[in-house]
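Heads up, there are several structures right after this.
In what follows, chain A forms one complex with chain B and a second complex with chain C.
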Partner chain A sequence: MSEILKMQNLNKRFGRKIVLKNFSMALEEGKVYGLLGKNGEGKTTLIRMIMGVIPADSGEMFYKDKKINFNDSSYKKQIGYIPEDPFFFSWMTIKELLDFNSSFYPSWNFRKAMDYSERFSLDKKTKIKHLSRGMKLKLGLIAALASEPQLLILDDPTSGLDVPTRQDFLKDIVRELSDAGTTILFSTHLVHELERIVEHLSILHGGHLILDDDYERVKDLTRRVRMTFEDSLPEQIEMGGILSELKKGNRMEMVIYPWDVEKERKLNMFSPLRLEVEPLSLEEIFVSFVS
Partner chain B sequence: MSLKIERALEEPMFGKLFLKEWREKINIFIFALIAILLFLLVFLTNSNERELRELSASAMILIFLPFVALLLGSSGFYAEFRDDAWAYLFSRPVKKWKIWIIKYFSLLAILFSILLIFVLAMQITPGLKEIVRSLTFPTGFERDISFFTLGLLLNLFFFTIAFSISFMSEKQFIIIFASILIGLGLTFVLYEHLYFLQLFYPYRLGLKGIFPFVALSFISASILTFMKSDFSQMRKKISFFSKLGALFLIISIGLSTAWTMASGSFIGSREVIYNLHTFEGDAYFSTYKGIFRYLPSVDKVEKIEKSKLTFPLISIGGGKILFSNYKGWREDTQELWVMNTDGSQGKCLICNSHKKDSLLNNFHLYSFLISPDGKKVAFLGLPLKKIARSSWPNLFWMNSDGTGLRSMPLDFSKINNFRYAAWTEIVAWAEFGNNLVILLRPRSGSTAFTKILMFSPENETYKILAENITGPWRLPVSEGQDFLAFFYRSESEEKKILTLLNLKSLEKKEISRDDLIKPGKIKWSKNGEKIVFLSEKNKSEFHLVVYSLSRQKIINTKELNQDKSFPFITRMDWVFNDQKLALGSVTSGKGYLKVLDKDLNEEKRIDIPFPAKYPLDVWGLNNIALIIDYDKGELWRVNLETEEWRKIYEN
Partner chain C sequence: MIKIDLASFLPIYEQIKKEIKRKITLEVLKPHEPLPSIRDLASELIINPNTVARAYRELEREGFIYTRKGKGCYVSDNSASLIKKERDRTLNQILDQVIEEATKFNLREEEIKRLFEQRLRLVMDEKKKGGRDE
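Up next is the complex of A and B:
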C-alpha cells in the first residue's frame, strides 16, 4: 500500500514547551488510524500542522510523495477535516455555510451533503447561531464528508455527539468511508470508541510516537502477566518490553510488549507458583504505554 | 503576481468570500450612509453659514471618512481571531495570501462604494463641490497635495494600515488606535527625513509619495506574516510582523530617499524651472539644461550657460549672475559660478569645496547672494557632520573674482528665543555692500520670533534691525537691493505694520492700516518707487493697496470682491512701466490673468492656455507677462496688449 501522508522529523514548540520532537509518522492509503495521547500531548497541534493552520518549526511533510509546505493548499482539497470544536460563521444558515464551503472544493458532492443533512436531521434553513455543539459537529461532519475526501482527519470529534449519532458515525459512516478506501486519522481521548474501528494504532507521548503499529498486532503482542510466588518475589526481572510493573506481597503483575514465547520461557525460569497471561483492551494498552 | 491576483479573483470562492465580507460589514456601510445623509442635511439647511459648511465638509473629508476607513480596515481579521475562525479559513484549500488579497479587495470595494456615494453627493448637492474645492491648508501645503486628495489618500492609507495589522489583536479599538499612531507616526518620521533631504535636493517626495511607501511596507509585512507566521502564538506573530515591517520600512525609506535624490537630479528636474528673476527689463531663469535669458525686446530666449546643471539657483546684481550647481551626488560637491548677464566670462568661484584643505569642506551651501554692484558674493553653509537642527551655519563671503574667501560661524544663541539654531538666510546686501541683512526664523514655534539682523562681516558684529516679523515668507527686496519690505506685529496694538527699509540709509518707513490684520503678498515696482500689497481685513474683505515711496503715502486702494480662496492663489507683478498690475489667479482649475489699470480697475482678463491648479506666479516685463506651467516645466509669455500667448521654453 502506498503512503498518503508522511511526516518526518517534525518539531514544534510553544515558548519553552516542546510539543513535538523529531516526530515521524506515515499513513498508508485506505487504513483507519487511531492517534492516541493524553491531553496536551500535541495531537491537535499535529493535526493543525497537517492542515496548514500552524507551521512546523522544522521537519518535512509529504502528501502522496509530494512535499507540502505551510502555504500549500491544493492537497487540502482531498482532505476532510473536523476539528474538535468546529467554527462556522454564526450568521449563516446551514445551507449558506454548505454553499460557502462548496466553493473551496471542486469535488463537492451536493447530493451527499443533502443526504447527510437528512440523516442527521439538520434543517438547512436553521441559522448556525441556533445550533447546539452536537449539531455543529454534525454540520462539520457533513462539510467534511461532502468534499469527498481521500483522507479524513478527525480531531476528537465525537465527544460532543449524542450516543445514537456517535454510534451511527463510528459504526456506519467511518466503516463506509473505510470500505470506500478513504484513509482516516482519528485522534481521540475516548479510547474505547476506537476499538471497533481502528486498524493502526499510534500513541503520541513526550513529543513523539511511542507506539506505531497495526492494532491487531499490538493486541496480539501486548499481554498482562500475573505471577504468584511461593515466598518472596524475585529481586529483579531483567527483560525488555515491560511497560508496567506492580508488586504486592508474593504477587506480581506486568504488562509486556511485545510478548512472545521466549519471554514466557524466561519468566517460568523464576519458578512462579502460577503464571497467568491475558490480553488487554485498547484502553488498557493505552494506559500501559503512557503511564 | 498581478496575474495570480487576477486568477484568484476569478475563482468561485472569491464571489462567496466577497459576499460574506459585504454581509458582515453591511452595518459599517449603513452607518457611513446615515452619516453622509446627516452631513448633507446639515449642509443644505445651513446655506448661509459658510463657516459651518466648510467645517462640516472638512470634518467629513479629513475625519469621518478616514474613520470609516479605519473601521473597515480594522474589521478585516480581528473578528476571525476573536472567534478562532482563522483556523477554519487556514484549513481550507486556499492559499493564505489569496485569503488576504480577497478580503482586502472586498473591504476596499465597500470603502470605494462609500467614497463614491460621497463624491456623487458632492456632484449633485448645490454648493458642496465648490466648498470642497475651496478648502485649503493654513500655509504652504497646496503644491504638495490638495485638501480633497489628502482626504482620499488618508482613507486608503488608514484602511490599509488598519487592515494590515487587523490580525494583531482581538480588540478592534486597539487596532484603530495603533493604526493612527503607527501610521501617522511613521509618516511624520519619513516626511521629516525627506524634508531634511530637501536641504540638499530640490524635491521632496511629499505626502503623496510617502503614504504609498508606508502603506506598501505594511501590506508586504502583513501578507508575509499571514503566509509564514504561527497565528496560534500572539507574541511570535507580533514579533514576526514587527521585524518584517521594520525591514520593509527601511527599504521604503531607502527607496523614497533614492527617489527623492533621483528626482532632484533627473526625474523632477526635467519639469522644473528653478529660479526666474527679472532684472533690468530682461528675465533670467535656470533649469537642469542650463541658464537662460529672455529678451522681451526681441522676444527671444538665449541660453547663456550651456552646461547641464543640478539644482541651479541664481542671484543677479551689477551685470553679473551668480549660480550654484551640484557636481556629484554628495552634498559637499557644490559649485558656485559667476558670469556676466550675457553669459560671458564665466568663472568658477568654488569648485573643489569637498577637498579636505578647503574652507568649505563639509558644508552644505545655500542662500547665495551677489551684491548689487556685482563685486561681492555671500552665502551660508551648514556643517554637514552636525546638520542636526541644533547647528548654526557659517557665513562665507568673497569677491566675485574668486579672491578673499572668508568665513565665520554665525551663532545667535545669545538672542532671546534662539537658544536652539534657527533657520537663517541672507536677504540682501546693505549699506553699499558693506553689510548683510540676515533673516533669523525659529524652526518651530511662533513666527513672531522672527528677526531681521544687520551683520557686518568686517567687524563680525551684528545688530537687530526688526523683531516680531510676521511675513511675508520670502522678504521682498527691490530689484536693485535698495529697499526691503516686511510686516511686523506691533507689541502695543493687535494690528500689523508694514515697514519699508532703505537698505542704503537704513531709514524705516512704517505704514499702519486698520485692515492690516492678515497681510498678504507684496511686490516692489521695478524702479523701487512703490509697492503693492494684498491686505485682508476679514475673510470677505480684501484690498489691494499701493504705496508710493516718493510721495510717502498710499496712493491707491481697491477692494477686491473675490471668493475666499483669492488671496491664497493670487500672485502679481507690475507691468507697463510700473503703471499697471498683472494678477494671476486660478479658480476651478482654470487660470487667468487680470490686468488692472493705474486706478486698480480691471482692464482686461486673459485666459491662460494650459490647465492651472497651482498658484500662478507672474513676472512682468513692461507689456509682457511670464507664467510657468509647473506641471510641464514650461515657460509661457503673453503680450498684454495683443493677448497673444507663446511658449518660450519647454523641457
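Up next is the complex of A and C:
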C-alpha cells in the first residue's frame, strides 16, 4: 500500500513549551487512523500543521511522496478537514457557503452536496448564524465530503454533541468509507466511537507517538490480568511491559503490553489462587498507555 | 441480525465470520443465498467496511462463500458440510489432547471410555437440569 501522507522529524515549540519532538508518522492509503492523546499533547497543533495553518520549526512533510512546502496549498484541495469548531462566514446561507466552497475544489461533487443536504434536512436558505452546533457539524461534513477528498481529517468534530447526532455522524463516515475508501485521520477524545472504525492506533504523548500500530494487534497484545493470592501478594513481580498496577489486600491487577503466553506462565509460577486474563477496550488501552 | 461485541477477545472480523457460519449451520442462510452487502452490514453495525470485507474475504478463501463479480457474496453449496468438518476437526483436536493425557496416566482404552461416558452423562444431566455450575 502506498503512503498518502508522511511526516518526518517534525519539531514544534511554542515559546518554551515543546509540543512536537522529532515526530514521525506515515498514513497508508485507505486506512482509518485513530489519533489519541491527552488534552494539550499537540493533536490539534499537528493537524493544523498538516493543513498548512501553522509551520513546523523543522522537519518535513510529504503528500503522496511529494514534499509539502509551507504556503503550498495545492495538496490541500485533496484533503477534507473538519475541525472541532468549524469556521463559516456566519452571514452566509447554507447554499452560499456551499457555492463558495465549491469554487475552491476542482473535484467538487454538486450531486453529493445536494444529496447530503437533503438527507440532513438542511434548508439551503438558512443563515449559518442560525444553525445549531449539530447542524454546523453536518454542514462541515457536507463541505468536506463534497470535495471528494482522498484524505479526511477529523479533529474532535463530535465533542459536545448528543449521542444520536454522534451516531449519525459515524454512520455517515462508515458510508463514505464504503463508497469512496477514503483515508481518515480521526482525532477524538470520544474513544468508544473511534473503536468501531479504527484500523491503526497512534497515541501522541510527550511530543511523539508512543504507540503506532495496527489496532487489532494492539488489542490482541494488551491484557488486564487479575490475580488473587492465598494471603499476601508476592514481593515483587519482575516483568517487562507492566503499564499499570493496582494492589488491594490479597488481590492485584495489572495491564500488560505486549502480552504473551510466556508471561502467563511466569505469573502462574507465583501460584495465585486465581488468575484471570481479559482484553481491554480502546478507552482502557488509551488510559493505560498515557497514565 | 449479526451481533458484535467490542469487549470480546475475538476481533470484530472473527465475530462476523462466526456469526455467518452459525447462520449457515442453522440454515438461516441457505446455499446460494446472498450475504448482506459489505456496505449494508458496515452501516448496520456501524463498523469499518474494511473489517466486513476482511471477514468475507476469509470466508471465501475457506470456501464457505463465493463472490459473483459486481453482485456480492453468496453461500457456497457445500458450506454446511465444511462447517461440520471444521467443527469435527476442532473437537478431535481437543479429544486427542484428552487421550494423550490419559495415556500418560497409563489408562487403558476401556477406562478412558468409561471416564468419558461417565462425564458425558453427568454434564448432560446437569445441562438438562438447567445450567451447570462452574
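Going forward, the second predicted complex is superposed on the first by the 280 of 291 C-alpha atoms of A that agree within 3 Å, B and C clash if a C-alpha of one lies under 4 Å from a C-alpha of the other, contacts with A are read in each partner's own complex, and residues count from 1 in each chain.
Going forward, a contact is a pair of C-beta atoms (placed from the backbone, for glycine too) under 8 Å apart; a residue touches a chain by one contact, two chains touch by 3 or more.
The structure presented is a predicted model; accordingly, all values stated were derived computationally and were not measured.
In the overlay built on the shared chain, the residue A:Phe70 is in contact with chain B alone; chain C does not reach it. Once the two complexes are laid over each other on the shared chain, residue contacts for A:Asp179 go to chain C alone; chain B is not touched. With both structures placed on the common chain, the touch criterion links A:Leu170 to chain C but leaves chain B unconnected.
In the superposed model, A:Pro86 makes contact with chain B only, not with chain C.
In the superposed model, A:Glu199 lies in contact with chain C only, and not with chain B.
In the superposition on chain A, contact of A:Val53 is made with chain B only, not with chain C. In the superposed pair of complexes, A:Lys219 makes contact with chain C only, with no contact to chain B.
Taking chain B and chain C in turn and counting the residues of chain A each one touches, the greater count comes from B.
Once the two complexes are overlaid on the shared chain, A:Tyr257 sits clear of chain B and of chain C alike.
Those residues of chain B that touch chain A in the shared complex are 11-13, 15-16, 20, 23-24, 83-88, 90-97, 227-233.
On the chain A side of its complex with chain C, the touching residues are 30-32, 167, 170-171, 174-175, 177-179, 192, 195-199, 216, 219-220, 278-279, 281. Of all residues in chain A, those touching chain B in their complex are 14-15, 48, 51-55, 70-77, 79, 81, 83, 85-89, 91, 99-101, 103-105.
Within the complex formed with chain A, the residues of chain C that make contact are 6-9, 11, 38-39, 42-43, 45-51.
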